[in-house]
Amino acid sequence: MRTLQDSLAGAPTMPLKTGKAHGERRAGPLIFLIVLWLSLAVAVIFLLTLIVNLLLEGGSRFGMPLFTEYPSSSPDRAGARPAILGSIWVIATTALLTIPLGVAAALHLEEFADKKHWFNRIIELNVQNLAAVPSIVYGLLALAFLALIGVRDKNIVIGGALALSLLILPVIIIATREAIRAVPSEIRDGSLALGATKWQTTWRQVLPASVPGIATGSILALSRALGEAAPLLLLGALVFVSFDPNGLLSGFTTLPIQIFNWTGRPQEGFHELAAAASILLLGLLLLMNGLAIFIRNRYQKRW
Amino acid sequence: ALVLTACGGQPAAGGDSADGGVSGSVVADGSSTVAPLTEAAADFFRDEAPDVNVTVATSGTGGGFAKFCAEETDISNASRPIKDEEITLCEEAGIEYTEIVIANDGLSVVVNPENDFAKCLTVEQLNTIWGPEAEGTVTNWNQVDPSFPDLELALFGAGTDSGTFDYFTDAINGEEGAIRTDYSPSEDDNITVQGVAGDEGAIGFLGLSYVEENPDSMKAVEVDGGAGCVAPTAETVQDGTYSPLGRELFIYVNNASYAEKPQVKSFVDFYVESEAEVAEAALFIGLTEEQKTTAQDELATLG
Amino acid sequence: MLANTTASDTEATTTASTGGPTTPSGRPPRSSLAGRARPGEAVIKLVLRLAAAVAVLTTIGIVIALLVPAIGFFREVQVFDFLFGDRWAPRFADASFGVIPLVTATLWTTAIALLVAVPLGLGAAIFLSEYARPRVRNTLKPILELLAGIPTVVYGLFALQFIQTTVFREWLRLDTGAFSVLAAGLVMGVMIIPTVASISEDAMSAVPMSLRQGSFALGANRMQTSLRVVFPAALSGVMAAVVLGISRAVGETMIVAIAAGSQARIVTGPLEQGQTMTGFIANAALGDSRVGSLEYDTLYAVGLLLFLITLIVNFISIRLVRRFRQAY
Amino acid sequence: MRVENVDVYYGDFRAVTEVNLEFGLHEITALIGPSGCGKSTLLRSLNRMNDLIDGARVDGEILFHGENIYSKGVDPIEVRRRIGMVFQKPNPFPKSIYDNIAYGPRVTGMKVESMDDLVEESLTRAALWDEVKDKLKQSAIGLSGGQQQRLCIARAISVRPDVILMDEPCASLDPIATMRIEDLMQELREQYTIVIVTHNMQQAARVADRTAFFTAQVSEGTGARTGVLVEYGTTTQIFEDPNDQRTEDYISGRFG
Amino acid sequence: MRVENVDVYYGDFRAVTEVNLEFGLHEITALIGPSGCGKSTLLRSLNRMNDLIDGARVDGEILFHGENIYSKGVDPIEVRRRIGMVFQKPNPFPKSIYDNIAYGPRVTGMKVESMDDLVEESLTRAALWDEVKDKLKQSAIGLSGGQQQRLCIARAISVRPDVILMDEPCASLDPIATMRIEDLMQELREQYTIVIVTHNMQQAARVADRTAFFTAQVSEGTGARTGVLVEYGTTTQIFEDPNDQRTEDYISGRFG
């Protein structure tokens, strides 16, 4: 065996410090990085422009009257109170309809269903497909359904909630499934090995552990429903409502619909109101998104 | 489902509330042109009777009558008189109603503010532009009048469900519903406003209120119905010289509703009583003395 | 609630052991291992299964809801005339039902949206997955995702009033009217960026670290690694993202209803206005169509076409996603 | 507990072939063998945990107190209560220490006079009581790995099983924690029949009364691999005087 | 190549402390030691692969032909080209065999007269040419594990590095494939300086000229663990006559 000294002798020297600019700093990679940055920048600048635009246009109308006043033929007197309350009614109803249903469906698919069974495979495929169905088609569905059961005035809270529920049900199912899947199988095994039944395991271990994920997914889905206008348009929700909605069968309008309605008015004041209501809606969505992210970061366990 | 049908969609059957004021709901639908009037009335009415819920939807005059004759609404807003087939529909359903002229309007033909050649158009010229024969052939202003510049026409107007559409086609093309189809029809008049504002060669038709409210976006042309060029103004409309496009706006009241629902009676009474303020707030032209008396007489017969 | 029921069911029949286990294997068992009925459990399973079946019912509902009026429509109008006719004037006296004009407008807005969303979305995805540190990614991603949460009405107004009117007509002095498929498509594209970015990023993040290490160890830089190793490996996922973007764009309603225009005509350029399939449905919904009338059925015929298009597109997407899931 | 002619399948794949074994009462039996030879598979089939894997199937009989746990009418849930299991990675529930122990008795509807006493007893038997008695309400996730594993053992004994199965219970623990668990096994053996899978031959030699050596056999014809039991006997015999060449090779580290 | 006073940190955690080593030219050096003692960490710091890990940091000097690879102005990409690396799990790109080999020369902008020749030469040196010469256009994913690993070696030498680092290159391979890789290392050693991390002491004894033994040291005060170099010498000396008690314990299997 050679000695270390021997073997080190005669090492060729080629400098590592090349004259050229370094790997990541060469023109190509740099330009590429700039292009990537720009992709994000365009999106963010767009977002900012949109917000600034809204603030400039609607800022002056963003005040108490927007929250407390009813619509009016005069922009100076008009507010979005019924629309705000209508949105709350519709979204709350949607939440009550969808979350239990979506969570139950997800539990079935993830915990109980035999994944190879044709029925469950159909359900699975279906859920994926439903998530991509255009929202306006859900409006058509709700419209046809209400017509079928003979409801005449389709512009009612439960009708709107029905359309939006169908719209976000697949989203909630998918989010819940992901949350459930993130619960490690060791937890399930541990529970089952103690003699717990499948449902006990699901109810006492899997579900509690996936609550943050379900909450995050549901909030995001509901925030999408909150901003939807198209399916409600089909139910004829484009109305002047001068009272507070007060029940499932009450007539209603929602913020997006009110915004759409106001922009259709001739008076400039209404356009400002529309912008102000958009600020409100955007604020609400920011809040919901923020809450979802907070829950995700705060409660989601790293197993 | 049964419950929904039974309740007919709106809460609270209505009636006199304990404190003596009226309560309950009033459902209005129909013309989008007339809607601002009814909304203004509802707006003012809220100061009188805060417990009455007035909803105003905008399905267009035709759509409104369809619902009205299906007994879904108490009041139908209309920008033209009821048609024979609609009368039949209501008769078949056993609906009795009363027609009330509630305001006047000058159906305005509007062009882009930059347009300095089309100051006055004859009914023939309008027919040349809008007639069914024009479809696909009349596409340039210079085809309307050789003195007009070489500028492409862009056409905007009311959609087929609207009374404005019916009235305009009848007045200009001699037959209700007869019109070229290659224009942008919309139930949302603001689309017409934006369309005309955004295209130098644009021409459109809509209610006078939109013109008054958007002087920067468009200007109304004078119309020559055979007796010289007349601009649409409050006076020319009221005295009938703005012909053939001066028109009356109507509400149709369900007699049974008026008799049986105190909230409908007090709302309609209030509406007719304060038509001048309402018309002003909604940017329409009020009734003449004669028209107002007729309206009050009509109501009196209903008791 | 439910769990309590099951627990007490169980309690009634369990023979709880008392002492320590002492039975040698030869002796008879202390308690039988016999199964027992757990009715609560069975009911719950049924309920869950029913909940899942709602998904199927919804689809069946959609199909029936669309099909019945659509059949009514096709009794009056030839399928061929509908699919290949080039004049769309369903609500006029002189009616015709050629859907091609609506389809061309949809194609234009979708194509423009993809031209915006695909490059920008992929750029954002590569940045987030290959360049951004976790903290940067955790801030940027929610911001990006906000774009998907903005109500489409707000987008629509922005497209019409700012992009079309202020930017296109005032600043750029483009020869365009009040509406254009370009403005609607651009804004729709921005709306879709998060969809494309988020799914492609998932696909790229799923590429095993070892491939990146292999590339770096050969002296490749980040750009080369991203473009030549990570991107090709994530290709099917990226395709799925694009395909999902397509179905979002085809189905988007309010933006096109507000900003693309409402004249059903064959669109031949991006600065023209045009009515999309969804735009037609929304516009028609503003009026009123009686159940059973031809106008009503027309809505559903277009709705059915829309549904079928997104269905086909989505099937392609699911297949692609499955491919990239299988790859690792 | 006796295993008779057992084959275990995952779908078409036969993971374990023709195993015959008898676990001695109040003895510790170690299952050893190279990776993938089906030790975990066999262990999981002893308390029907394999039922939960799609396509898993057991042929042959596994007799528990003379009753085949796979025969019709046997409730797998009862089987699992009576035959406890401890896993390779400690898997405490994300609940308090107390609730971790109380979970089993609660879900199985065990009649207990005082849950507090049961919790204390279980933790004491698992040699964990002293360390956690002041923080029973704290989350079990906060415990160290070794403590977590002992908690899992305490949890397993809380439902009073007869048999405890352990699948590499010390694989993720440091040597000191491992030693504590080994000591604990020695104590538990007084009351329970224990079956342990381990990769660590020293461990098998230290704790087990009997040892079963498995290996993966490749079929000449099809090239399919399957786990077979090579040799079973007292630990001393297996380690000092194996009958089979393969056992000797494995033990002496020449292969695997 | 020389390692001088090197500490490697992950954030605040010091994974490796005070290592001094010199790798002989055209020799194979093995790094051995128990799990977690920082062998991979050190290896990765030799070609700046650690740069890619957030928070990873190297103190001290690593001299390559007398030049500190961490000094300012050194291009880490050039370092990696000159010091190749082969990983534990074969990681061929999901491309054709040909493209796998051609990738390195292409991305580093190497001037090659004929890429075909270079591919053939690299594959031949990696003793893979005969097996794949007829399916160069097929995906590398279709190869067996051992072939994939040789492909990765071929890929590493395609950019003509001076040094090849290998992190447990045979850990996921069967004995026959392992033997082939070991033979290959012996051949490559004629031209390259090789540093290999292995868990398999027999392997170290078989292939390495020199061996460095590392262990994880737990600090008395803080309880922090860090990797330290215990002993470095010719393989024969380390295995037959270790100076340090810990080395002897490890080699004889008494610990770890």
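Each chain carries a letter (A, B, C, D and E) given by its place in the written order, and its residues are counted from 1.
The rule is simple: contacts are C-beta pairs under 8 Å (C-beta built on N, C-alpha and C of every residue); 3 or more make two chains touch, one makes a residue touch a chain.
Chain-to-protein mapping (UniProt): A = Phosphate transport system permease protein PstA; C = Phosphate transport system permease protein; D, E = Phosphate ABC transporter ATP-binding protein PstB.
Nothing here was measured: the structure is a model prediction, and the numbers come from that model.
Novice: What is the graph distance from chain A to chain B, where chains are linked when they touch?
Specialist: 1
Novice: Which chains share more C-beta contacts than any other pair?
Specialist: Per-pair contact counts point to A-C as the maximum.
Novice: Please identify the chain with the largest separation between its CA centroid and the CA centroid of chain E.
Specialist: Chain B.
Novice: Counting in whole Å, what is the centre-to-centre distance of chain A and chain C, each centre being its mean C-alpha position?
Specialist: 12
Novice: Which integer distance in Å separates the CA centroid of chain B from that of chain E?
Specialist: 83
Novice: Roughly how many whole angstrom separate the Cα centroids of chain C and chain E?
Specialist: Each chain's C-alpha centroid was found; their separation is 46 Å.
Novice: Compute the distance, rounded to whole Å, between the mean C-alpha positions of chain D and chain E.
Specialist: Roughly 39 Å separates the two chain centres.
Novice: Spell out, as numbers or ranges, the residues of chain E touching 2 or more other chains.
Specialist: 77-78, 82, in rising order.
Novice: Name the residues of chain B that each touch 2 or more other chains.
Specialist: Residues 58-59, 188, 191 of chain B each touch two or more of the other chains.
Novice: Among the residues of chain A, which are close enough to touch at least two other chains?
Specialist: 23-24, 197, 200, 204, 236, 238, 263
Novice: Which residues, counting only chain C, touch chain D once they are in their complex?
Specialist: Residue positions touching the partner: 7-12, 14, 16-17, 20-21, 23-36.
Novice: State the interface residues of chain B toward chain A in the complex, per the touch definition above.
Specialist: 1, 4-5, 7-11, 25, 27, 35-36, 38-40, 42-43, 46, 52-59, 70, 72, 188-191, 193, 209-210, 212-214, 278, 281-283
Novice: Under the touch definition given earlier, write down the residues of chain C that touch chain A in their complex.
Specialist: Listed in rising order, the residues of chain C that touch chain A are 2-3, 6-7, 10, 38, 40-41, 44-45, 47-49, 51-56, 58-59, 61-62, 65-66, 68-69, 119-124, 126-127, 131, 138, 140, 142-147, 149-155, 157-158, 162, 190, 193, 219, 221-224, 226-227, 244, 247-248, 250-254, 257-258, 278, 281-282, 285-286, 288, 291, 299-300, 303, 306-307, 310-311, 313-315, 317-318.
Novice: Tell me, which parts of chain C touch chain B in their complex?
Specialist: By the definition above, chain C touches chain B via 87, 89, 91-94, 96, 160, 164-165, 169, 176-179, 261-263, 265, 273, 275, 283, 286-290.
Novice: For a test of understanding, state which residues of chain D touch chain C in their complex under the given definition.
Specialist: Listed in rising order, the residues of chain D that touch chain C are 1-2, 22-23, 25, 64-67, 69, 73-75, 78-79, 82, 106-112, 160-162, 191-192.
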